[in-house]
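So, here come the structures, one by one.
Here come two complexes built around subunit A, the first alongside subunit B, the second alongside subunit C.
Take a look at the complex of A and B:
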């Protein structure tokens, strides 16, 4: 089914998310939509899937003007969308998620539905447990579930919004194979991404959006430089930074045991040096976040010690870690990192009001905020509420809020969902801190990021932790295998009881 | 105290718990859709007064209940309109309505104070009421008590076994996702708020025409029940059976207070009358204990075996609210 957008416009307040976008997507292709954060990709796709109604413009399907004003209409036309934040129900079971939205008899017979589900998912090589709760699934598995659900509803056009964010390399391969299979069956796949390598390896054709406008359409063979220039309007190069490791030990983990149901990590030993960057790699939910939280007192260790600058802080609270200049930047920016509803300046007031005066010197904080905004290139003003910033700018604000001199900085997915430019900028700023002897531990699902920016790597696999690996002597393939649970024999000489399950 | 007396007492507990069950199931359905109807306390008193008056005028108990349900549905519709359509705070609107409906009931109900309206009597079920113990306990009750028991089973079945129930849960959990699957979130929320309100409205006449028959203005004894119902909905983890259990437990505590008055004469009677309320709070606290940080920290220090056992126990009592409870749904 050919899809044709003509002159789609959509504004959110001051922001022109889509400006006169006209675009033709031929049926049976894997069609890429590329652009940086806030380029208007998601908005355009939400218009097609009926989730958002455009201010003006129309969409033709197979040559006829369509009337899509809700997701139900779109499904009726055979259009389904996999949203960036999975629109599923975490406390419900997989099978309930699958059934919700289907038409049928009033009384549900799950036994039959499960049988249908099983045969259907086998076709795509997925292996989800229909009785598992969705909150226990990884992001990749939740995507698989959503794709299965949409296909079961008879979708002929499948839109995927940033599907490779937060999933493992193996899951990505699985996803791409499934998409190619679907395209082979004549289904139209629209693949929305800001990741060049994904688009380049998968798409038959790519259109680039920038600041709500269409920049152009490109066919293979793709030239990376050309795509980057179209996305950002300028050239960008990646640099591998110099290590800044000193001899002084800032953080020491001694035989640490931490537990958070259902995972348990045992006997972690690590000596983090000043200025060093250690990357924590592994599939989501393999225990990285548990270890990180134990390093800031957000999770109490069952046994072992956490020593910061020679001081044993094992059973102390987050506050005491903070007083010892340990800082933590969580993955969920809007839930744990920033306070929605208050402005950037008010964030600086909250964190910077150290002399504890009763009245706030607003003008002083405004100036300080403006300085930080200029320094970190945040697109926004001191009085802008944080929730109206784009993801990249929110992350910049979160970073600028951290104290100047820190001993240890712990980061969860520091560049998740950021475009290349923002990610590079983020790391530039972090490496500046390393030069000032701040040590960094970070979690990332992006293996290249792990290898490029860390000095040493810890690999996690279902609660098992490898010994620290030197990132200069570790290849991408090696890392990928370890994450998938292969090649652990050498890493776990000490643990004889361990048997790789997969 | 003889066994027969205890049995009769427990049958009384089931009767006294019945209106609480009906109201709590109604509120459970409403909250499952993501709307908090905080007006309950006022709604029950107002519907009790109106239901009593309607039965007094028409001589029909059925019309009395119908009038109460209409009042409940109407108040709920105000909550729905202001929170779903106008996107105002559900708490503020509900709270104002709770206070207003109560005072309105006392003010408007003045002319019928102390009047004699028809009373809903027990209607024993033939044969079944002959069964020892269970017959006395369950099958010698009024029609509304039977309905309340059927309602528990029906609500459970609806929520967990039907397609519509699945949609209801979805709307309360993540309205954006439900909308994405073709559900009309607004109309679903309206529907369950109004149905839930109607059930709450049935509890009022249940009191004034049966359980605490009569309308005596401020001393009718309905004040406070609505708040208990709200607490029970949370205590029951939004699960019909657990909610119903909580309702019976509360009625049991009240009965116990009455019984103990005669034996524990050294305790002032006021203490025993009030005791069920703090006990309910205690129960609520226990249920939510597992969610707290310091309990997790404490558990981490326990030896392995007992830890897993305690954790399992806490997990079983833990209740999770519908994620979108109390929040309006915005499409973009």
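Take a look at the complex of A and C:
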């Protein structure tokens, strides 16, 4: 189905999120929409999928003017959107989520549905357990579920908003293969991203947006420099920062065993030095998050020790880790990171009451917040509620809320969903902390990020953990193979104390 | 849209809810064959027709204000303290118990009254913290825990009135033997309300207003209510704050129960909570949990309660009509808030 946007306008307060955007998307194509954070990509897609009504402009579908004013209308036209944060029902099972929203008989026959579901997912090479609970799935798996559900509903146009953030390289391959299959069947795929390589390797055509406006349309072969210039208006060069590792050990893991169904990680040994950065790499759901949570008291180890600055905190709570200056920045910013419904200034008030006062000095905290907003270049005001900030700005706020002097900082996907500029900025700030002897452990699905910023890397593969690799002597290919489960024999032999039990 | 316009529109929607509620009640009255104008006139006359009646409004205003104060704390923390009725009842029982213990001793009556009120506060707090413990450590949702404890409190109350504390000779629904007058809170002139209760309520409102809008503790409660996981990550222990919210709400509920005993009924009666707990839930929802509105809206609801009393006598209508009006008011105003959000945009 051909889609044509004509002169779409949408403003949020002062921000012109979409300005006179006209665009034609032919059916049967994988069409890329590229732009940095806040370029207006998501807004345009939410207009198409009925979540937002435009201020002016119209959309034609297959040559006819459409009237989309709700997501249900959009589904009626065969348009389905896969959101950056999956809109599913975590406490329910995969099969229940799949069946939801389908028109059907009164009585559900799960046996049949499961059979249908299995056949359907095999077509795309997905392997979800229909009886698993959605909350136990990784982001990548939840995404697969949502794609299956939308396709089963008969969607002919599939919109994917930043689908490759937070999923592993393997899941990305699966996703891309599925999308190519669908395009081959004549479905229209709209692929929204800020990741150049994804767009370059997948899309038949790309349109670039910047600050709410259409910059231009490009066809393959793509020139990366040209795309970057269209996105940012200027060239950005990446620098590899200097390591700042000291000899002092800040965190020590001794024969640590952690478990969270269905994974069990055994005998992890690590000595983290002050100022050191350790990257955790691997397919999503290979155990990185479990280890990270065990390092900050959010998950109790089954055996072994977690020692912070010589103190054994193995079975202590998160708050005790906090008191020992260990901090944790989770991937889900609005669920675990920031409190929705309260302002930036209120966040600083919550975390900044160090002298345990009873009453709030509002003016003092407003000023302090304004200083931080300026320092971290947050686009927002002290009284802005955090949920109305863009993802990149939320991440900046979360970062600026961290205490100044930390021993250890644990990060889950610190630059997920951020544009290149924000990501570079984020790491500049983190490396500043390393110079002040803060150690960092971070999870990332982006291998380049892992190699560029880590001093050492731990690779995870379905519950196995490699010995720490020196990132200067590790290549992207090596890392990719380990993540995919190759080359582990050497790893296991090289590490004397490591005896995987299976 | 600029803020001034937004505020005007907001008020328009609130008033719209009020109008719709009145229309809805009018419709019900027409269906039952009553003359709506007569009814509304009688409601107003019933509430404000004489100084005695205005005094009666204040008698209702005190407990309603106090429970609403407490409920704002639990609502702010994202908790539904349905168990407030039981907390009022237990407060009343504790308070009665203390007076019964010291009634025939030489301890100064004023001291006994003070002790009795403190005991009431403690009783309500214990009952509320039980709900909180069940939720935080037992995994029992506070709605179910509260509901269960409400039944237990009622049973205990009835059991005492007809059992251990029953009047000599005849146990009766009219309650326990009234206390001697020295153990009553002093009434204002010949009216049946006490300045002490009014003063305590006003202090209660001020405390809750300051707590929720000006203190670090209040902001932490709000953070736990809006995003428990995030709050925990930012270093706020959610369980502790939930328990504290229940504790504070329980104190207010227990205080309410105690004041009903020493200030209004001067004995323990079966329906000592009089449904003020549930009515308080409605007031709290109606004012969107903003402390500044407690006093006027509680007064309005109290006036409706008193205004409804004479309906059966004058118009042969059931006095629960006030309840219908209160309930539909809350429903329609909440409904209009939903409509407003749709109109102002989902963004």
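Keep in mind that, in the parts below, the second predicted complex is superposed on the first by the 487 of 502 C-alpha atoms of A that agree within 3 Å, B and C clash if a C-alpha of one lies under 4 Å from a C-alpha of the other, contacts with A are read in each partner's own complex, and residues count from 1 in each chain.
Convention: contacts are C-beta pairs under 8 Å (C-beta built on N, C-alpha and C of every residue); 3 or more make two chains touch, one makes a residue touch a chain.
Since the structure is predicted, the reported quantities are computational estimates derived from the model, not experimental observations.
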item	value
Clash or fit (per the criteria above) of subunit B with subunit C on subunit A	clash
Partner chain in contact with A:338 - subunit B first, subunit C second, else both or neither	second
First (subunit B), second (subunit C), both or neither touched by A:328	second
Touched partner set for A:302, first subunit B, second subunit C, both or neither	first
Partner chain in contact with A:259 - subunit B first, subunit C second, else both or neither	first
Touching partner for A:52 - first (subunit B), second (subunit C), both, neither	both
Partner chain(s) touched by A:72 [first = subunit B, second = subunit C, both, neither]	first
First (subunit B), second (subunit C), both or neither touched by A:99	first
Offending stretch of subunit C which, after superposing on A, collides with subunit B (from 27-35, 63-71 or 279-287)	279-287
Intersection of subunit A interface sets (partners subunit B, subunit C)	12, 51-52
List of subunit A residues in touch with subunit C within their complex	12, 51-52, 318-319, 322, 328, 330, 334-342, 346-347, 349-351, 353, 356-360, 401
Sites on subunit B touched by subunit A in the complex	161-164, 166-167, 169-170, 173-174, 176-183, 296-297, 300, 311, 320, 323, 331-332
Subunit C residues touching subunit A - in the complex, by the definition given at the top	210, 214-217, 219-220, 222-223, 226-227, 229-237, 346-347
List of subunit A residues in touch with subunit B within their complex	12, 46, 51-52, 70-72, 75, 81, 83, 87-92, 96, 99-102, 104-108, 259, 261, 300-302
